[in-house]
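Below is one structure, written out as structure tokens; comments come after it.
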Amino acid sequence: MAGEISVEQLADEMYGVVAENAGMKKMKAGDLTKAMIAKFGDQVSKQDCKSAIKLLIDSGRCVYGYYGGSSIELPRTEGAAN
Amino acid sequence: MATQTERRTDIGPPHYSQFLHPIIKENYGKWKYHETLKPGVLMHVGETGTIYSVRAASARLITISFVRFMAGLADKYADGYLRFTSRNNIEFLLANKDNIEPLIKELADNGIPVGGTNNAISNVVHTQGWVHCHSSATDASGLVKVIMDDLFEYFGSMKLPNKLRIAVACCLNMCGAVHCSDIAVLGVHRTLPRIDHSTLGNLCEIPTTVASCPNNAIKPTTIEGKTTVKVDEDKCMYCGNCYTVCPAMPLADPLNDGISIWVGGKISNARTEPMFTKLAIPYIPNNPPRWPEVTSAIRNIVEIYVKNAKPYERVGEWINRIGWAKFFDLTGIEFTKYHIDDFRHAGTTYKRSVQNRY
Amino acid sequence: MSDDLKIPLLDELEKGPWPSFVKDLKTLAPKKPMVRDLLRQLEKSYQDKRGYWKHGGLVGVLGYGGGVIGRYSALPDEFPGVSHFHTIRVHQPSGWFYTSEALNELMDIWDAHGSGLLNMHGSTGDLVFLGTVTDELEPTFRDLTARDWDLGGSGSDLRTPSCCVGPARCENACYDTLELVDNLAHRFQDELHRPMFNYKFKIKAAGCPNDCVAAIARSDFGIIGIWKDNIQVDQAAVAEYVDSGFNVKEFVVDNCPTGCMSLEGKELKIDDSNCVKCMHCINLMSKALSVGKERGAALVMGAKAPIVEGALLGSVIIPFMEIEEPFEEMHDLLERIFEFWDEYGKARERIGECIERIGLASFLEQIELEPLPQMVTQPRDNPYIFYEEYYEEE
């Protein structure tokens, strides 16, 4: 049932997916949610996934990126000016 | 100032009610009718009071000094209350009718015209252009300035058959959604993206880049051992979608970027249903700073419309009545192969009867 | 410094009667190196006929995925003042109403933290602060929220909803556009700040079919005010229009798209059962005619500009719905739509394109709405029907 996996654990799992795909595929919020539901079935809810993404971002472990669509990425040094 | 210990998030916008003039608050939802007293001046009559709106033009790109100046005028004439319209005009909300003329005079003394109501050309909605955008094929602020300089007489008067809405978008992304305006000015690219094969593989996801193309023109490939993409010349429509997802595919081409002009769209349901704009002129070269070819092309369309449309016909309604052949005939605009659609719903635009005017 | 600001092409845009952005920007250039370099870079664009901005980036305020758009000059060595030139979208109040006090406060914040350039407002509706550096994003956000302002949307999120002037200053408003939009913005804060959709999702609320916020053209979800009963007619006022010399017959009656009205003497007769609520007569005779009493809104979905699959206008999914506080029916509907989009949408596919791909009928079924003839201009004319019901031999 939903709630069996903690939000912290989900965030860790999501971080793993983002790190694994870094540089190859930009993960969207929906991709991460789908990946978690595929892995844990009804042990997780969409709301759990939302909370986990919020934790991932609020903690600074991941950041939002944008190239034609929003994605969740590893923080990088700013791709600034130079 | 709030203390800095607590970081506030997700508070949403402030409630609008705190920004409403007392007369507006009292008559909220209780307005009876309105009249246009003169170009740019509206009078709304409610159950318990009357509010006068003075509509002033503004550039869309403005400074804090300009806004502070306008706020000062609001304090002086409008009890500190003002609003902005969906077309970047500023409306001062006056309780006192006697303040209308002094406000208009002070605006005029500072180079700010009043108008844009009813059968006028109101302010032009537009995008960021060369001022701030990576994919623009032209500037927007400058184009709007020269277009409105040229059509200035129609802002402060109400002598058109109906209202006429102009919009400028600097590329096909159309942040300004020009696809439903009476006259639309649209920046266009005309050549293939210049692919930077040395960086594309690092900067962009190949599958995403391939999938971004609405016409399947992009295919993965390998060049000098590097994974990259190629673009099918015959299929590319220069839309810039690939560049949006992949920065290694820029489209800017100073020699070939330019302007297209579209006509006959509308949003309102009045009389006829909302309509898309249709192509009038496929390409005019960029000629900054004053784009004379663009302003004269637009003036031509406006003047022919004024001369030929019946009262209350929008541009698109007028053209639908007289037929497109006649539109091209009257305006002297050349009809070319580019005017015939060849994308998704092209077939629906082919003439499927022999009803034509000869 | 500003005396050596040489921008001869842009100087040409100081001429003419329309307000000049160049003139305005020049007043700030001596105080703000960012404005000075913006003008210098723009001058180069005017010379070279091309833009010099780089693509997006990974900037924002902590926790939010929307509200900030990263922007960098492609020529930072030549124009160091605009090497960073990020945009901050500030969530506007419903109807774009302000007091001078609120505006001055906002300008003070932007003076302290950015270039001092802005748009009142952007195409989606936000108050747009143009041009700041990454390090100023958090401090700007802190000062904004301290004064009860928040950021708007950007990226694949719920974009800042916007509305027309509505009942605040318009007799045609068929529902409270301002309150609805304020309510939705607060109800869906998470969707607004944390991109979780396939692509952007825009909501626009227009109070009547004149649609002054272009809901039919520019919103994925448009709420357009409408009424069901009769146009309210004040015959004495009609007679005044006739007596004033205004040609009611030619301008109003003959322009009615369904021919549902006639003028008999000085009396206007309307066959309301044939009225399509186009607004033309009401627009022209504001004193005599007004919208009916049984008011609500039609809901349209799927409008968008061309990118990716071509431009779309919104199409009707609910021909009439009452719009009353606390707007729970609207919340439920939007949640069903988001759920559907989550399930069926593809990356970078707007919901209008998604609906076209899977079919309006399937979409309606998924979000639990009944198909109605008001949703089409005509029934299908092609016989390729996906029948789902059939008899089987006993």
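Think of it as A, B and C in the order they're written, each chain with its own count starting at 1.
In this section, a contact is a pair of C-beta atoms (placed from the backbone, for glycine too) under 8 Å apart; a residue touches a chain by one contact, two chains touch by 3 or more.
All of these numbers come straight from a predicted model, not from anything done at the bench.
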Identity of the most central chain, Cα criterion: C
More contacts between chains, A-C or B-C: B-C
Between chain B and chain A, distance of the C-alpha-averaged centres to the nearest whole Å: 37
Averaged-CA centre spacing for the pair chain C and chain B, given as whole angstrom: 12
Separation of chain A from chain C, taking each centre as the mean of its C-alpha atoms, in whole Å: 30
Where chain B touches two or more other chains at once, by residue number: 208, 212, 241, 244-245, 247
Multi-chain contact sites of chain C, meaning residues that touch two or more partners: 55-56, 62-64, 190, 347-348
Per-residue overlap in chain A, given as positions that touch at least 2 other chains: 67-69
Chain C residues touching chain B - in the complex, by the definition given at the top: 9-10, 12-13, 15-25, 27-28, 35, 38, 42, 45-46, 48-56, 62-64, 71, 85, 87, 91-104, 106-107, 110-111, 116-123, 130-131, 142, 145-146, 148-150, 162, 164-165, 167-171, 173, 176, 178, 182, 185-186, 189-190, 192-193, 209-214, 216-218, 250-251, 255, 257, 276-280, 283-284, 286-287, 290, 305-311, 313, 347-348
Contact footprint of chain C on chain B as seen in their complex: 1-2, 4, 7-16, 18-20, 24, 28-29, 31-35, 44, 51, 53, 57-68, 70-72, 74-75, 80-86, 88, 90, 93, 111-113, 125, 127-136, 139, 141-142, 145-146, 148-149, 152, 155, 169, 172-177, 179-180, 208, 211-212, 214, 239-241, 243-245, 247, 252-255, 257, 267-272, 274, 276, 286, 288-290, 311-312, 343-345
Contact set on chain C toward chain A in their complex: 55-60, 62-66, 69-70, 72-73, 76-77, 83-84, 134, 154-157, 190, 194-199, 342, 347-348
Chain A to chain C touching residues, read off their complex: 28-30, 46, 50, 53-54, 57-58, 60, 63-70, 72-73, 75-76, 78-82
Partner chain B, residues of chain A touching it in the complex: 23-26, 67-69
